[in-house]
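Letters are used for the chains, namely A, B, C and D, taken in the order the chains are written, and counting of residues starts over at 1 for each.
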Amino acid sequence: MGTSNKKRAGIIGGAGYTGGETIRLLLNHPDVELAFVHSRSNVGNPLYAVHSDLLGETDLQFTGEVLEDVDVIFLCLGHGESVKFLENNDIPAAVRIIDLSQDFRLGESVKGRTFVYGLPEWHRDDIKKASNIANPGCFATGIQLGLLPLAKAGLLNEVHTTGITGSTGAGQSLQSTSHFTWRANNISTYKVLTHQHLKEIRRTLQALQPAYSGALNFVPVRGDFPRGIWVTSYLDCALSLEEAYDLYTKYYEGHPFTHVSLKQIDLKQVVNTNKCIIQLEKVDGKLVIHTIEDNLIKGASGQAVQNMNLILGLEETAGLKLKSIVF
Amino acid sequence: MGTSNKKRAGIIGGAGYTGGETIRLLLNHPDVELAFVHSRSNVGNPLYAVHSDLLGETDLQFTGEVLEDVDVIFLCLGHGESVKFLENNDIPAAVRIIDLSQDFRLGESVKGRTFVYGLPEWHRDDIKKASNIANPGCFATGIQLGLLPLAKAGLLNEVHTTGITGSTGAGQSLQSTSHFTWRANNISTYKVLTHQHLKEIRRTLQALQPAYSGALNFVPVRGDFPRGIWVTSYLDCALSLEEAYDLYTKYYEGHPFTHVSLKQIDLKQVVNTNKCIIQLEKVDGKLVIHTIEDNLIKGASGQAVQNMNLILGLEETAGLKLKSIVF
Amino acid sequence: MGTSNKKRAGIIGGAGYTGGETIRLLLNHPDVELAFVHSRSNVGNPLYAVHSDLLGETDLQFTGEVLEDVDVIFLCLGHGESVKFLENNDIPAAVRIIDLSQDFRLGESVKGRTFVYGLPEWHRDDIKKASNIANPGCFATGIQLGLLPLAKAGLLNEVHTTGITGSTGAGQSLQSTSHFTWRANNISTYKVLTHQHLKEIRRTLQALQPAYSGALNFVPVRGDFPRGIWVTSYLDCALSLEEAYDLYTKYYEGHPFTHVSLKQIDLKQVVNTNKCIIQLEKVDGKLVIHTIEDNLIKGASGQAVQNMNLILGLEETAGLKLKSIVF
Amino acid sequence: MGTSNKKRAGIIGGAGYTGGETIRLLLNHPDVELAFVHSRSNVGNPLYAVHSDLLGETDLQFTGEVLEDVDVIFLCLGHGESVKFLENNDIPAAVRIIDLSQDFRLGESVKGRTFVYGLPEWHRDDIKKASNIANPGCFATGIQLGLLPLAKAGLLNEVHTTGITGSTGAGQSLQSTSHFTWRANNISTYKVLTHQHLKEIRRTLQALQPAYSGALNFVPVRGDFPRGIWVTSYLDCALSLEEAYDLYTKYYEGHPFTHVSLKQIDLKQVVNTNKCIIQLEKVDGKLVIHTIEDNLIKGASGQAVQNMNLILGLEETAGLKLKSIVF
């Protein structure tokens, strides 16, 4: 396939973690060409000056301009920056937008652009027809993938969730809780029962189970590792383990990245991949659901590329057959 | 103070983690002399042949005999081994036993020896009068210290708890989940909602709040660090944060190792010490209680020495003013 | 390209670390089909029963038979096991062998099979014509790539080298030095100045610089991370930094995985890739050469696949455009 | 012993890592009272507001004043700040100064104050008579302790040294190389062959072996752990291993913190203690010397307290019998 047949993609905010991961995925994408990477603070520098692992992969440089002859633009900006960017720049209507911030996840719009929530395992067909995607949050992805089948079956009630995230979830800014000396071998929590992702989670779950009004109790934990999210949820459930397993495997049939297991799982099964693995347990009257994902891939840039594949009519897994780090 | 005035202590099972920590604490104890360290597999070896950090600290050797002219013996054996040891050895009745296994935590006795559950923050006066101590489990210590004040006030109902433990909690045996390559940067769970410590926890809580019958939902997590336990519990609670803080500080007044904080805590505040720090948060109608401890010290050997101090009439903090690792 | 046009590969010893990595690489290889994975202890089990990250990637099972209708077989066995395997099994002469053990790195042969040392950056053309490959050791790869240009230029003299390896270098067997509790936050050395890879290194260097007889002083260090090797070598050298950089960049021109940098490098630039990055420094009369690689990929399975590509006439980089873990 | 008989100590710069460690050591020191802790940016805050592990240990607050009725003042300031402090403050001549910066390690003086280099294993008797101490650098301590016996015997020649340091060696400022996401599982080097500690090392060694002019080649490595320094040095040496062991054990006889081993050592044997353990190996004509220390204790605050003990006539080990972290 010649370059001329490839789709063209651009990235706004290419110097951060999610920008870097999106670059890495697109550089190896078989059907998409990386047309430009925008970064105000790095104009003219080669990408590998910021993302040093790209040495030898590409000679592309950061640009200060936004090219318009592209099929899709990824916004890898901080929360609040995406809406400003779209207000201040006139992107042709034909250019699809995939926004990785939280600016449009709750139904917000800008200049007539409306956004579809980009969780393919919920409503892939809507995504295929969308022009603009609000990519889900990392914790939100892991928690929702653990609950979607129950919501669709109308079985949700009060949910108790713990999520443990790697340090990349907090971005690359220097802060006391990202200092190696502090974080190594350490554990702490933050935004207990008040995490901002609860809103987008509840919105999805209520779309599937409108009567759902139970509490979503979520304890977010800072883990002492760089990548990955572990989520454990449990709730009262009358299903047997076999029935639950059946419900989950049927729900995720045909979804190439989400897999269900009855065996003990561990986080490193999915680190550096776009996969989510779900493990089910039943203890007395409670169903326990564990989910694992890489927060930067299935929880951010990988899911963004998955959404791009869907809206551009490409193979859903294109560019996303990634080698796990595993060790 | 001359050596002749010191109390004398022996250790059975001195080659494992809790045995080693008990040795380290007793070597620096101002009022206690380490009389012998028993280990069947290491007779005649210097202690530092097994515990290599003790090079330069002591020339003591492991023995195969149990000396009887001691004031106290610590049993640092595997679960099930303590009861066998006491069945097979005639320890003089005057020698106090502090057992670190789970063999006697639920009221079991052997040869007429009955055991007091060694949680000083629950019933220190009973411990002072005891001859034999069943030292609490590591998770059990952290979870109970977070709930004791509520139980005493009769405020417990269904509790939701997550606990994250360092790898030392699993002992020094080689197993796939203790392989560095596997455990580094990894997260997993085990015994979800079924952990064996739930029994001793419930026993204590019901002693304080007899009508308590709510569920204790506990998700144990394997963390990727060697030392420490983080516990977060939450439950419905009508107290305001100020009232809860008041309840907790009053409860722990006079207890030298347990402190209450309204500021964010993190695990490394207590690693390598005998302290437990408790942080309280109130979110809507829920009280959130975080507790941190070193699983090998306050969760095992340090609490054992604290109990020894109490039953021998020594200062409760003697030998336990430990420098935190902090970083 | 249809499956029928793909080359076919088999793996002997598929349950270990290098076997697992070879599986992962071949499953995503565009031009090669994974025909069978042999493991005596896992016959009939799906690959993901051992390599749990492969859940959802393949339903292939371990076999107890060695298929003969393949183009190439990878031997991912322990040292000493490869020669036994080839003695005990009649592999058709047309089937290429790529051996990852150290059994054939010094010119050994078996049943008339002779082996070419598989370091493409040394003698790629010999590899292209080879039937059997002795894949280099992990430390040996990193050290040699740092010294090849000097050897070719006849500039080697006494070399001082430190190498720090991740825990995967020691394999998956359980041993005290691979226990998480011991290895986390720890450093130690082993086989100081006597490491077995020194032989294959010297053999290569003397092939390029026959008069080279200087000492190769190598201090191997166990690092507290799972993946990667860092090597620093220095030696007396009259070249300026510019001349050295010129020498190295010219030497590695056309080698797709090895890159030269004058900027500070760090290990994670190459983890989970087949790349080797070399950084040069000049301090007074000494040239300092740092090299980084993933010990399991460029140091083992990735280089094995690179060698396979070369002997089968495929693109050298096929199946090896891997996303770095980077964080 | 009543408080009135205790010596009194003050700390300038109490909010950093070495300040914090000095506080921790002095709070538990049997013969010294912590009179004040000065920190310009934290006046009026309790110590535990900065050093959160001190919650429950002390209610002392940071001061903005320098008390003069003390026996000793520790300067825990950045390099260049100590000389400024002493220029700008009139400290009574009777107050001893122990400076942890590098400002006075090479013989510098200020306002008539001259400083003795505080390495007790070199010249303890000089330290006992000193009024002001320049506390050695962390790498300098580890490297020198590995070479002192050879220097005294006149056996030094060209030395090849690698040192691996924990992240605390770089202090608490936020910088890209101290970001958890970057440093976890990573290795890098810095100041290769040019580290600033080489000057103080050479000065000591030449005091013992005046004719010593060989190169000191030192490769400093950033390790991915918070605490500790590992040093390996090797050099040509005609001594047998037994002779070298004899030389080292005799040299360190009577030095309570430095121990010599013929067994493999590992870093965690000394973390969180004031000890240095030295391991010797002999390979062909080369003597290999490994040394381990905690960079913040024997490499900084612990050695400072050891020096204080010596100049104040206290027991050398007072307040320094520390429990190792070991795991």
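Criterion: a residue touches a chain if its C-beta (ideal position, glycine included) is under 8 Å from a C-beta of that chain, and two chains touch if they have at least 3 such contacts.
Nothing here was measured: the structure is a model prediction, and the numbers come from that model.
More C-beta pairs in contact connect the chains of C-D than those of the other pair, out of C-D and A-C. Note: the chain lying farthest from subunit D is A, by mean C-alpha position. Once the centre of each chain is set as its mean CA position, subunit A and subunit C turn out to be 34 Å apart.
The distance from the centre of subunit A to the centre of subunit D, with each centre set as the mean of the Cα atoms, comes to 47 Å.
In this assembly, the C-alpha centroid of subunit C lies 41 Å from the C-alpha centroid of subunit D. Residues of subunit C in contact with two or more other chains: 17, 166-168, 181-182, 184-185, 224-227, 265-266, 268, 271, 327. The part of subunit A that touches subunit B in the complex is made up of residues 160, 162, 164, 166, 181-182, 184-190, 192-194, 217, 219, 221, 223-228, 230, 232, 234, 264-268, 271, 281, 283-284, 286, 288, 290, 292, 327. If you check the complex, the residues on subunit A that touch subunit D are 17, 167-168, 172, 174-176, 178-185, 224-226. Listed in rising order, the residues of subunit D touching subunit B in the complex are 17, 20, 24-25, 28, 51-53, 55-56, 166-168, 184-185, 226-227, 256-257, 259, 261, 263, 265-266, 268-273, 275, 277, 296, 321-327.
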